[in-house]
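So, here come the structures, one by one.
What follows is subunit A paired twice: with subunit B in the first complex and subunit C in the second.
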Partner chain A sequence: MNHPFLPLLVMFAVASVIVVALLTVASLFGPKSTNAAKNDPFESGNPPTGDARIRFSVRFYLVAMLFLIFDLEVVFLYPWAIYFRHLGVFGLIQMGIFLVILTVGYVYVWKKGALEWD
Partner chain B sequence: MSVSTAVFNLIALLLVVSAAMVAFSRNIIYSAFSLLGTFMGVAGIYIFLGADFVAAVQLLIYVGGILVLILFAVMLTHRITDVTITNRAAGRIPALIVVVGLVYMLIQTVRTTPWAAAKQVTFASTTATIGDAFLYDYLLPFELASLVLLAAMIGAVVLSRKEIKE
Partner chain C sequence: MQALLDQMIQEGAFAGVPKEVVYTIAMVLTAVVVLSAFVAPLAGVTSWLERRVWARMQSRVGPNRVGPQGILQWLADGIKNIMKEDIIPTAADQKLFPLAPYVVFMGFLCAFVVIPFGESLIVADLNIGILYLLSVTSLVVVGILMAGWASNNKWSLLGGMRSAAQIVSYEIPAGLSVLTVVFLAGTLSMQGIIKAQGWRPWDWFMFHNPFTFCAFFLFFTAALAEGNRTPFDIPEAESELVAGYVTEYSGMRFLFFFFAEWGNLYVIGAVVTTLFMGGWQVPPVTDNPVLLGILQFLTFFLKAYFWVFVAMWIRATLPRVRVDQLMGLCWKYMVPLSFICLLGTIGFMFMDTNSRRIFGAITLGFAIATIINFFRRVGFQFRSAKPEAYWKPHI
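Up next, the complex of A and B:
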C-alpha cells in the first residue's frame, strides 16, 4: 500500500529514532563529572538566588489560557480560508459574526485590565 | 514488513512508552513532559488515517497549547512537587482485579468486533471539506463555538482576577 503521507511519517519516525539514539549514546559514552557549580540552576551567569520551586504568578496561566483561545480561533480560520473562494460574501459574513463575538471577549479582557502586568 | 507498517509500529511504540511514562512517573513534571510524546504519537496516528487537518490541529492545540497550560498549572500549584502521588484508598489486590477485568474486556472487544477491512481510501486534503461543512451544514454549532470560547475567556479572567485580589 502506498500511503500518500508516508514520506512525512518516515521523517517523523527517523527524527524520533535519532533523538532517542543520540540521547542514549550520549548518556552511555559521555564524560560524567558533577560538581556544585555545575549542578546550580543557570541564572545567566549570576549566582542563583532563592529556590527554583517558587509559585509562579497566576497571570502566566491567564496569558496561556488567552493564547489557547485565540489559537483555537485560528484553527477555525484555516478551513474557512482554504475554502474562501467558494464561500464568497456569505462566508465572509459568517466568519465576521464569529470574529466579532470573540472580539467582544478581547475588549472585555482588555478593559478589565487582565493584560496589564504591573 | 513494509515501510509503512514499520513506521506505524515505531509511532505506536513512542505513543505507548510515553503514555506509560505519564502514568508511572513519580514526578508530575516528568508526567507532564511525557505527555508531549503521547500527543505527537496521536498526531502520527491521525496522519496515518489521512486526517491531515485533525493532525495539524492536534499539533497546534494539544502540543502547542494544552501542554503549555498543563505545565503552567503544575508550576502554579503550590508545592505540588512535594506531594507523593499514591492512592492509598484502594489496595493492590482490588486494583489488580479491576485491571485484569478491563484488559479482558478490551481483548474480547478486539477479538469479537467485525473490523471493516480498509478500503482503498483516496487521501484528499480534508480541510476544504471541513470548511464547507462549517459554513453550511454545521453553521449554528460553528457560531456557538465562538460563544463557548468567549465564555472560556471571561471565565479565565474572572477566576484569575479573584486570585490576585487576595
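Up next, the complex of A and C:
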C-alpha cells in the first residue's frame, strides 16, 4: 500500500509457499518405487523410439512471428485508448494511418497464404 | 481494505505497532484467505459441478457419493492425488519438468490479484488492471511450453506446441475486444471500468452499441480458446494426443494443471463480468456498507458463475474442432471481426448521447429477442422429440 505493486509481491510469495507446501506433503505421503519401465516416456505402450526433441513443423514459428507483429499492434493501441478523449481527431488521424499500414500488412500476409494451416 | 485499515489505525486498534507492519500482516492475511478459502474451494467445486452438469446433460448421474450430492468430491480427489507417487521420467529435463506446473499455477493465481469481487473487495486495484491480467495469464503459455518440451515425450511436445500456438493466436482477438471496452471506459483499472458502467443492463458496456455486443462474444470465444476449453481443447485431445502436455505428469503436479484450468474458468467469467456486464454494480438499496459489500459480492459471483455454467454447457454440446479450423477461425474471422468492432466502437464514441442510446436500446432489444427465440426453439425441439425427461436435478 506504500507501493501499488506490493500486494502483488505478497500474493506471489504466499502462493509459492502454498505450492511448495502441497508438493512437500505429496512427496511425504506418496509411494516411492522406481523401475525402468515406469520411468520411460509413454509411447502408447511400445518401447520408446528415439528422442522426442525432433524437428517440428515450421508453421509454429510462423504463428509465433505473426503473433509478435499483431500483439505489438494491440499493445500500441492501449495508450491511445486511454488518452483517446484528450487526443481527439488529430490522434485519430495519426492512429488511422498506423492502422491502415497494419491492415495492408494483414492483407499481404493473408494473400501470401501465411494464415493457411495445410 | 485500505480505508478500513486506515480507520482502524486512526481509532488506535493497533497502538504501538508500526503502520508498515500492520499493512504487511493485513496483506499476507488477505492473500492467504483469498487463496485458501476462496480460490481452492472454487476450483474444486467447479470441477465437481462440471462433472455433475455434464452428466445431467448426457442423462447420467455423475459423482454423488462423497458428501451431500457429492460436493466434497474435489477434496477426495485432492487427497487421492497427494497420496500418489510423483514420477519424473529419467529422459525428462530434471529441472524444467518439475517447474512447469508451478509456472502454470502461478500464472493463474496471480490473476486473482486484480479481480474486483466488490467495491472494496479487491486485493489490489492496479492502474493497469486489465493489461496486467492479460499479461499474467499469458504466463500459462510459458508453463505449457515448458511442460511439453521438458517431458521428452512426442505427445507432450505436440500438445505443448499446439497449445502455445492456439493461446498466442487467440490473444489477439481477445486483446482487441478488451480494447473496445478500454476505449469506452478510458481507463485500464478494473474498478474504473466497472464504475464507468451502471447496475441497469442498458448501462452495461455489452449493450452500449451493436459492436460491443459482438466484441463480447468474440472475447468469450477467445477466452475459452485461451483456457483450452472445448471446443478448442485440441492440445489435450485424448483421441489423438493421449493427454497432450500432461501425459507424463502424475500426482500433485498433474493436479496443478487441472486446478489452474478449472480456476481459469472462473477468471474468464469474472473478466467478462467486469468488462461487459457491469461487475458488482447493484441498485442503491441499502446504506449499510457490510450488507452492500455482501450484495455486491453475490452479484459479481453469480454473474461470473453464469458464464462458467455456459462454458460447461458449451463443453457438453459442441464437438472438438480440427487444428486448421481452429487457426483459420482465429486469423481469418476473429481478428478482422474484432478489428471492425473496435473501429465501430470508435465511431460510436463520436455520436451524441441521445442517438447512442437509441442504438443501445436496439441492441438490448435484439439480445432479448434472441434469448426468447432460443428458448422457443428449445421448447419446440423438446416437444417434438418427446424425450423421457427426468426432471429431478439430483439423484
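The rule we apply is simple: the second predicted complex is superposed on the first by the 83 of 118 C-alpha atoms of A that agree within 3 Å, B and C clash if a C-alpha of one lies under 4 Å from a C-alpha of the other, contacts with A are read in each partner's own complex, and residues count from 1 in each chain.
Note that in this section contacts are C-beta pairs under 8 Å (C-beta built on N, C-alpha and C of every residue); 3 or more make two chains touch, one makes a residue touch a chain.
From a predicted model like this one, the values you see are computed outputs, not experimental measurements.
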item	value
Partner chain in contact with A:Trp117 - subunit B first, subunit C second, else both or neither	second
Partner chain in contact with A:Val19 - subunit B first, subunit C second, else both or neither	second
Partner chain(s) touched by A:Asp71 [first = subunit B, second = subunit C, both, neither]	both
Partner chain(s) touched by A:Ala37 [first = subunit B, second = subunit C, both, neither]	neither
Partner chain in contact with A:Phe29 - subunit B first, subunit C second, else both or neither	second
Contacts of A:Tyr108 with subunit B and subunit C, given as first, second, both or neither	first
Overlapping contact positions on subunit A, where the subunit C interface meets the subunit B interface	1, 4-6, 8, 10, 12-13, 16, 53, 56, 59-60, 64, 66-67, 71, 74-75, 78, 81-82, 84, 99, 106
Contact footprint of subunit C on subunit A as seen in their complex	1-2, 4-8, 10-16, 18-19, 22-23, 25-27, 29-33, 38-44, 48, 51-54, 56-57, 59-60, 63-64, 66-67, 70-71, 74-75, 77-78, 81-82, 84-85, 92, 99, 103, 106, 110, 115-118
Footprint of subunit B on subunit A - complex, ascending	1, 3-6, 8-10, 12-13, 16-17, 53, 55-56, 58-62, 64-69, 71-76, 78-84, 86-87, 90-91, 94, 97-99, 101-102, 104-106, 108-109, 112, 114
Residue numbers on subunit B that touch subunit A, as the complex places them	2-4, 6-8, 10-11, 14, 40, 44, 47-48, 50, 52-53, 56-57, 60-61, 64-66, 68-69, 72-73, 75-79, 81, 123, 127-128, 130-132, 134-135, 139, 142-143, 145-147, 149-150, 152-154, 156-157, 160-161, 163-164
Subunit A-touching residues of subunit C, taken from the complex the two chains share	2, 5, 20, 23-24, 27-28, 30-32, 34-36, 81-92, 102, 105-106, 109-110, 112-113, 123-124, 126-127, 131, 149, 151-158, 161, 164-165, 168-169, 171-172, 175-176, 179, 182-183, 186-188, 242, 247-248, 251-253, 256, 323-324, 327-328, 331-332, 335-336, 339, 342-343, 346, 349
